[in-house]
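The structures come next, written out as structure tokens.
The same chain A turns up in both complexes below, where it pairs with chain B and then with chain C.
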Partner chain A sequence: MSVLTPARTSGRTVNAQENFSAWANRHRKWLFAAPAMIFVGVLIIFPLAWTLYLSLTDSQGSVRAASDFVGLENYLTVLTDTERFWPAVGRTLSFTLVALGCEVILGMGIALLLWRPFRGEKWVRVAILLPLVATPVAVGMMWRLIFDPNIGFANQLLGLVGIPPQPWLSGQDSALPTTIFMDVWQWTPMVVLILLAGLTSLSDEPDEAARMDGANAFQRFFYVTLPLMMPTVIVAILLRGIDALKTFDILYATKGKGGGSFHEVETLNVYAYGLSFDYNQYGLSSAVLILFFMIIVGTMWLLTMRKKAVSK
Partner chain B sequence: MTLLTEPQAPARQRPQVARRKKPLRSRAYKTFRVVALIAVVLFLIAPLFWMLLASFKTNVDIYDAGKSFLFTPTGENYANVLQRNNYFVFIFNSFWVAFVSTALSLVLGVPAAYAMSRFTMHRSALVVLMARVIPGVSLLVPWYYVFSNLKMVGGFEVLILSHMFVALPLIVYIMMSYFDGLPLELEESAQVDGLTPIGAFRRITLPLSVAGMATAGILSFIFSWNNFMFALVLSGSKTKTLPVAIFDFVSYASIDWGGLMAAATVVTIPIMIIALFTQKYIVSGMTAGATKG
Partner chain C sequence: MKRRSVVKYAAVAAALSLGLTACGGGSSESKGSETVRVTLANHVWTEGIKAAIPEFEKSTGLKVELTQLGEDQLSDQYNVKLNAGSDEIDVMMYRPLQEGKAFARNGYLADLTSKVAEDADWNWKDYQDGPVKATSYEDKVTGVPIITEREVLYYRKDLLKAAGIEVPKTMEELEAAAKKISSADTAGFVARTGKSAAVTQFSSFLYSFGGDFTDESGKSAVGSDEAKKAYAFYGGLIKNYGPKNVSTDMSWPEAMAIFTQGKAAFYTEADSLYKNATDPAKSKVADTVGFAPLPAGPAGSKPYNIPSWGLAVNEASANQDNAWKFIKWATSKERTLEAQKAGVPGPRASVWSDPAGTSTYPKDLAAAIAVSAENGVGHDRPQVLTVGKAREIVGGPIVASITGADASAAADTAHTAFQKFLDDEK
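Entry: the complex of A and B
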């Protein structure tokens, strides 16, 4: 920062610079924090307020077009909509819960496998990193080819063990589980990394003490390691859960608008995106978004409470 | 599940002997561990390998199950994607947006994270972290409206702004946990030696935080490179980024699988190469703040 460059010119500039330097140092707390906060604040608070306003109007077609204030009508429409909204809520929750469940259980298993050093560790770590950094849209396209009912490798593989071909992404009931599988493939590595960091930071003593007391491996995991790991597990669930609830890329890349022709994979995020940008129903989509936002914040709040309880 | 196979009975009676002799059960666990690790690696790598193979096949070969692994490789898909579909432009766009948004987010985010860490401004930090929680769609309609009125939609500025919105919370989050772990004493003694607080930040703390900034910067670059939804709405034909370009690939009637896989490979390869060289940083960024109570 310029305040630190020693002044070479006249005494007056030196004085002004010293004053500024003193002022900057006194107010450094907000001088440092404010720009980032203002940036995020302006980009969030104003749109959020606008979304809230739009959700109370019948705005559609173009945001510029005149719209009438309709009060809570949109919320009423949305909350009584059993064709699109509630199924979307169901899909969002089942996608998140099933994917998260698989990721945490698999992630814990893999983290335990990796816990103690072994030969070739480096290569396993590279393999874990690759899905994690791959572009989700490209990942969606990759799975589209693999799960293609006619030419996909998945059905070739099933054919080897004598299982008839499956419709995968194009089946009405199998599309959502298939996308969950894709999510698990991509994000289990992140859970592994977080849990592994937690495991390595544990001290050996409790485990060793339990071993001396004659606890078997099973008991040591469930009564010693797992309780100590609980705060880390909850952090993993929190970080992963927020993103899982908002999953959009792989769903839109594999099934397109409306989550497929029967809305097989239409979660709240896909539904709200479609209402906004494919059908221009701004009033309705804003109501959906406000409700969605409340679901996310509610879930986070519950998890944070749980974490505090566990940490004590 | 993995632990079930470790020695049980011997450990209970004679733990010392049990560990020195490595009984049968321990060997069974070792074998199990190797098999399980190979399975994990295959599960994670095989799909990517399949994508890479398909990108070198002609569309006729892709439809032929007999040529799953044995085929004559062709570079035609890549030639198509890179030349005819102008992918060099999209590669540049993706790179430019990711680079500038990361750089600007570091400038804004690092001092903010420092202040939030040193003055324990938890509520202020929450404001920034809200950006990570909020669904992007709810911001896009107002953004689109405002920016199209300002004639900015389709330009780099608005894309960079929206990607900064992804990068900044990430950087603040990672850097806060980094500064939390940096001892205060160094700054204090620098101030005793006559540096101002800001001077101590600039001359002592910042140079010590290069590793943290690298972590935050690399992760934010990757997240920006991979971002799809913001670019889908806010980019124009001249500023289209790679994920949007791939998505447009399938909007034609029949899918050119070879080309699509080549395009998907072109997007993922640069980011994977970066990841291989910066593995350590990515891991520490992904796990930042995870192990504190």
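Entry: the complex of A and C
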């Protein structure tokens, strides 16, 4: 008996191992994807679900404190708030649209210039990519100094050509455009990179054919190159657009909490940050974040649809 | 064979992913109670303590693990970690007037009442009343003050001499002097302008004009006549005699920069920041800066006199006794004297009465501090739970006044909003 037991156990182990192997083999696509899926679950789905739950409560002060379920009250409060929420939505959209528009047009222009080989090409490419590698908070600090209304470089430069000093970041109306400028300065290189990759993968033949047919440069760009580039352009818009919607760093670095004394640059992200970290109104803040999330997903969905239509 | 390899790969993949998550977890592994985890803000006080920590470690055999953060990051850290009930922090440096009330109510701060009474040598009675009040909550001691501040007048001796003006003793004299000195290059007056940042420095003007943020019954008082006058005066000084193109986002670093670049004659600010103006490495006007008590308004000179920072023990910490040992050491008479000599005004009465305590201070500053400590008010912002939001509300009229809008109308708007805020908070 005592001799037999270990043998039986080991037989069982072998069997169990084989069974597991067979099971693992049958489900290998799940098994291999599992770590990534767990990762996504823990770091994205759980926080999202928790935020959704918080948005339905009146949680404030501390998330561990008792809170009541209030249904959609937070959403109602937020959606009827014309003092902070809707202006923030407006700012978020105008920031994104204007910055994105400038970045794509400028990016396309620069990409076309860099497309054909020329002397010193490498250096120019490196120089153009420099803003991209700078950290956004450092960029914010740098521009804040440059745009300082009293001791900043920008106004001294304007003074040289006789233009009166401008308020830049400290102006109620000029703060948002100034931060858009900073965003364009920093992120156009990324758009250039994506578009350049698209351009280099284009075949020369359609362009040559158009040339043979007597099309001028303008016509060749708008009727040949651009339509062929459309999928790439949409990828660039998609990537940059989502990023621009979520911009936080340069806004916070230049104007601080609340986006300035008049909330001049308070976008949805900055608003939600203030609600949770300054006001400790977690329920309300979560409602804003869920709405914001829906705006982003909606935009993404629209663009992806568009991309599919173009690709067909 | 094939099956085996699938299992092997899966095992490796699982191990790797576990490894990665473990890396993400980082410092969460449990530490022995011999290690005290201390979170401090970037401050001159912290620099002094940091240099002296080896001394503490040697005498107690404990190990100190120090995290040092900027003011805003520190707040965010506390919001995240204390909210989650984390025991990763033992000792925390916090702002009693900004966060103290909310933290105490949320149960983040350990009750230190019995601990402060334990040791007569360390002597809790040595602490000034105002700071003690600010670090207490519902008759319980929840923190030990470490740094105190009062608002004083910084001024440029050379500019005053050139203009033939005496140091202003009243608000009226201050305005007249600012007007006289103000020119295209040099502003007559500068101070904080940011909606939220300016509230604390504006508070002394408010008290000196006879107002306060709330009245005795706890109702909003920012719409009172006194408050309206104070708003109009503070904003008017900056609008009329302040720097050209003045930003409405200035906190102390920006306002201090204008003063230390030699671009302003008068500046009202916390005394604890004086080193920024007198250190030649940071200030172009180090030789010519003078200090005076806050000029008197209709209700006299009433600057705030508050503890800007304190030390507390995290309620969730499993190492509270050692955390207290650290606090007791860091707030001892000797350490307070050392810190005070390095330019950090402390909360201990005995250190102030000791001539060594003010030996390193400019004479006029020490005199101004003594005056302010006597007639000071114990708060520099609304005493509520959500201080951040309250500051934005009561700061609105300051900015309105600076930009030339009607201060009185803005104060009425702020009054309605502040009263609603106070009602909601109850």
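Simple rule for what comes next: the second predicted complex is superposed on the first by the 284 of 312 C-alpha atoms of A that agree within 3 Å, B and C clash if a C-alpha of one lies under 4 Å from a C-alpha of the other, contacts with A are read in each partner's own complex, and residues count from 1 in each chain.
As a working rule, a contact is a pair of C-beta atoms (placed from the backbone, for glycine too) under 8 Å apart; a residue touches a chain by one contact, two chains touch by 3 or more.
Every value quoted in this text rests on a predicted model; they were computed, and no experiment measured them.
By the document's definition of touching, both partners, chain B and chain C, reach A:277.
Applying the stated contact rule after C-alpha superposition, one finds that A:32 touches each of chain B and chain C. For chain A, the partner touching the most residues, choosing from chain B and chain C, is B. Within the superposed three-chain model, A:86 lies out of touch with both chain B and chain C [touch as defined at top]. Looking at the shared chain after the overlay, A:301 reaches neither chain B nor chain C. Judged by the touch definition given at the top, the superposed model places A:260 against chain C, while chain B stays out of reach. Contacts of A:149 after superposition: chain C is touched, whereas chain B is not reached. Legend: residue contacts after superposition of the two complexes on their common chain; A:21 is shown touching both chain B and chain C.
In the superposition on chain A, contact of A:63 is made with both chain B and chain C.
21, 24-25, 28, 31-32, 35, 39, 63-64, 150-151, 276-277 are the residues of chain A that lie in the contact sets of both chain B and chain C, per the superposition on chain A. Only residues 1-6, 8, 11-12, 15, 33, 36-37, 40-41, 43-45, 47-48, 50-51, 54, 62-63, 65, 68, 108-109, 111-112, 114-116, 119, 121, 124, 127-128, 130-143, 145, 161, 164-165, 168-169, 172, 196-199, 201-202, 222, 225-226, 228-229, 233, 242-243, 246-247, 249-250, 257, 260-261, 263-265, 267-268, 271-272, 274-276, 279, 282-283, 286-287, 289-291, 293 of chain B touch chain A when the two sit together in their complex.
Interface of chain A with chain C (complex): residues 18, 20-22, 24-25, 28, 31-32, 34-35, 38-39, 61-65, 148-151, 155, 165-167, 169-170, 172, 255-258, 260-262, 274, 276-281. Note for the complex: chain A touches chain B at residues 1, 3-4, 21, 24-25, 28-33, 35-37, 39-41, 43-44, 46-48, 50-51, 54, 63-64, 109-110, 112-114, 118, 120, 123-139, 141-146, 150-151, 153, 156, 185, 189-190, 193-194, 196-198, 201, 211-212, 214, 216-218, 220-221, 231-232, 235-236, 239, 242, 246, 248-249, 252-253, 269, 272-273, 276-277, 282, 285-286, 289-290, 292-293, 296-297, 300, 311.
Listing the residues of chain C that touch chain A in their complex gives 2-4, 6-7, 9-10, 13-14, 16-17, 21, 72, 75-76, 79, 82-85, 102, 105-108, 193-196, 243-249, 251, 257-258, 261, 263, 385-386, 388-389, 392, 395, 399, 403.
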